[in-house]
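In the two complexes that follow, subunit A is the common piece, with subunit B as its partner first and subunit C second.
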Partner chain A sequence: MGPGSRGQQLKGRGGFSLLEAILGAFLVSIAFGGFAAAWILQEQAMKKYRNHNFVHFLAQQEMETALAQGFSGVTWYAASNPRTLEVIREIDHQSSTQTFDVAVTILNETDLSKDIKVTVDNDQDNLPPFSVESTLFFTS
Partner chain B sequence: MTKFKRDPSHRGMTLAILLVLLTLVAAMSGSIALVMQKRLASSAHHDRALRGKFAAEAGIQRALVELHNDQDFSAPAFTGTLSIPGVGFEVEMLNNRLGTSTVVAPDGTNVPPGRVWMRSVGVVDGQKISGKSAQVTRQAVQPIPEFNHAVYVSNNGLRMGSSGGSSTIDSYAGPNASTYTSYYPSGPPRQAATLFSYDGYVGMGQASDLIVDGNVYFSSTERSSVTGTLPAYFSGTVEIDTEKRPELNFVLPISLQGSSSAIPGNPIPPGRYGHAPNDRDYVLLPGEYYFESFSVGIGKSVKRTSDSGPTTIYTPGVFFVSQDATVNYGSDPADGKAEDFRIYSVAEHDSGNMLLTLMQRSKVVAVFAGYNSGLELIGGELYGGAIVMNAATIIPQSSPDTSTALHYDESLKNRPLGGSRTEWVLVHEGNN
Partner chain C sequence: MMRRNSGRTLLEVLISMSLILFLTGSVALVLRLSRERMERMETQLRLEESGTIAMSMLVRDLAESRQSSVLSVDDQLLVFPVPRDLAGQFLVEPDGRLRWSILVGYRKYEPEGRSYLIRQVADIDDSVEGPPEPQTMSPIPDPAYWETQGSRTRKVAEGFQSLKFSNDGKKSILELYLSLENHNRQYGLHLKSGVYPRN
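And then the complex of A and B:
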């Protein structure tokens, strides 16, 4: 094998130039980097979505419980608040304990009606507390 | 050994493959981002829907408040707000309380007479929340309330007289097949009847088996005998509990609104009539009657023909039972159920003024209730009735007419007897 023959062989095979290789690697890394970022964001969004939905669920449950106490009973019920609920949730097949601050407050109380506000705050995320409000009419 | 050789005709394929790969990755990233965005949007929508749902419920409850303040309240649309910024409701109402026929609500549901249709929609950030979740449709009705007092005398209270004999209030086990006379309970006091007397006065008399509630003055000079939750021979003023007095502004049923007709022969069908004279016996059917006033003559009777339903008489005037007359006091015990014979004072012109008078030896088995109404027992006996009136006077007569008494049927204490029509309750869920 004479000198230069190997180089000529390689040259004959073609291949990528250094610039092509760098450019390709750059594009692929951008693409996969974007994908990874999207995936991470999606995971975070999923967590936020789950937590938010759970807060909704708690708020709805708390409001319905409060309304079910009746006109006089709801005052007593509100007096037992705010309280902290410790909830064990299974997320992705793993148990985790989370705490939620729940407050039931009575606003604009008259002889005939009471406005009831339920606020649920998830201690684990930075979302603002979620509130729902309704009214209860006097029934004897 | 196979060798991969570069095919000159495939020059540029690497770039194409790379672009396809990048496109796929970009598409995957995009779809993930899209799903993420939709989830966040869904969560935000759920926020609004939940707030809207409870705001819509609040609208229905606020509508009930309006109806409480004005029974005829109706509004094509009224709005309200809650303390959460931007959250409120919009309510439509169709009030058919005084209607004579069924009307159709905007959502196509039938609203019978006596009912109010309401539709409330939650509003968040100035926008009505679409969808059923934040839209509540209900109907409300004024129910016949239950009184938990078998005896309820308000305002002018109770006067138990002392001339010539004793006046008695007691409970008894209720009408039975044997007789109405064995009304005294055996064993310990059952406390079946409750006397609510607002600033009332009890003179000489015997009131047994009572739970006294309210301001009741028992004369210390005339020594009333009161058993039950009070010690015997109690004198003075007692206030055990204060509770809301029922309002007795009865509403005349729609079927009785209209002109009077002449009273036909027995049995008299339900309807609206003028004064019932005292020269005859009366036989009534189950159903609702209106009489301007009613007089039962000496020795005459009012009976029911059937036990298939209650007989109710509405009257704004006097219901007078003469000596030795009987009302619903018959040979057939099944027809003697006090709760099935009701005499209500009805306020046609702002106030009712029924006065029920029972003269010597008369016997009546009925429920009496009414706004601004009163009872006079002048030697007669009233059986089984839940008495819901402003005032009651029991005046025993000289011997042998000493049996003046109110005998309460303990079984009636929790029966619905009619009364206040100012409360509203939700009785029917609409489309959701």
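And then the complex of A and C:
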């Protein structure tokens, strides 16, 4: 073989050293690990957002229901609470259950107005109870 | 000179091509998974919103009714009287008694293969004395009657499957099951709550 032969060319190019290969593998694993962590965090954030959204929506709906009872009816409605709403979500027949405690309380009551508070408590996600408040006025 | 710059070896080209293919495949997979997840979330939120609104309406209507007057037929039809008129006015007689003027019916409605829970309202015969019992209601809460009722109809929730009503002492239990299919996946929502018909 001559000086420009293929064998000498390959011999002259040393390729990657062990250190470079290890460094490369380390960087790739960091990239994949970071991606997996971001994916898991995003999944958790979405789940939390979904529950958060559901709790807010439920509280607003309960407030609507309480206000619809009228000035005298709301006292009875508050007394019949708290009620528990059980929610079972299914995807392809795989289910997960969650419960929400919904409570309606009358904070201040006069002959002309009632301050109503709706509180929704969730048994998961360590979210603090969410509440909305409104005032119902007496109309003759 | 040309022989020295011989370019990449076949092995290097193959490795780089497989790496590019691997990366492209990974990106495509991530995009597909993200899209599926978004659709899943969207369908679930739609179901939850629909179910919560339906439950609120049911709780609101049932709260004004009487426990013994509620009639449930095959978990598909729920009928009960409410002391209001068709305009929504709460009706009380001068002597303080309630006047039961309308029947509220919740039932399944399936236009073009899609399933909905609808709410319908019908007048009760004024001759009924006191809170009507299911058997003495007029019109009789026969599913066939509600099938032909077209007026004052309102869609409440989509994907309706069943609506159960049962009594547990003074409290009643209401169970609503909704289900939707999206991209060959089945999504279900089961809501269960206590209700207190007070009149």
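One rule holds in what follows: the second predicted complex is superposed on the first by the 121 of 140 C-alpha atoms of A that agree within 3 Å, B and C clash if a C-alpha of one lies under 4 Å from a C-alpha of the other, contacts with A are read in each partner's own complex, and residues count from 1 in each chain.
Keep this in mind: a contact is a pair of C-beta atoms (placed from the backbone, for glycine too) under 8 Å apart; a residue touches a chain by one contact, two chains touch by 3 or more.
Bear in mind the structure is a predicted one, so any value in this text is a computation, not a measurement.
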item	value
Contacts of A:Asn53 with subunit B and subunit C, given as first, second, both or neither	both
Residues of subunit A touched, compared between subunit B and subunit C (which is higher)	B
Partner chain in contact with A:Phe137 - subunit B first, subunit C second, else both or neither	first
First, second, both or neither for A:Ala38, with subunit B first and subunit C second	first
First (subunit B), second (subunit C), both or neither touched by A:Pro128	neither
Which superposed partner A:Ser80 touches (first subunit B, second subunit C, both, neither)	second
Partner chain in contact with A:Ile88 - subunit B first, subunit C second, else both or neither	second
Subunit B and subunit C footprints on subunit A, overlapping residues	46, 53
Interfacial residue positions of subunit A with respect to subunit B in the complex	13-14, 16, 20, 24, 27-28, 31-32, 34-35, 37-39, 41-42, 45-46, 48-49, 52-53, 56, 59-60, 63, 67, 107-108, 112-113, 115, 117, 130-140
Touch list for subunit B against partner subunit A, complex	6, 11, 14, 18, 21-22, 25-26, 28-30, 32-33, 35-36, 39-40, 42-43, 46-47, 50-51, 53-55, 57-59, 61-62, 64-65, 68-69, 82-84, 87, 145, 244, 423, 425
Parts of subunit C lying in touch with subunit A, wherever the complex brings them together	3-4, 6, 37, 40-41, 44-45, 48-49, 52-53, 55-56, 59-60, 63, 90, 179, 185-196, 198
Residues of subunit A that touch subunit C when the two form their complex	4, 6, 9, 46, 50, 53-54, 57-58, 61-62, 64-65, 68-70, 73, 76-77, 80, 83-93, 95
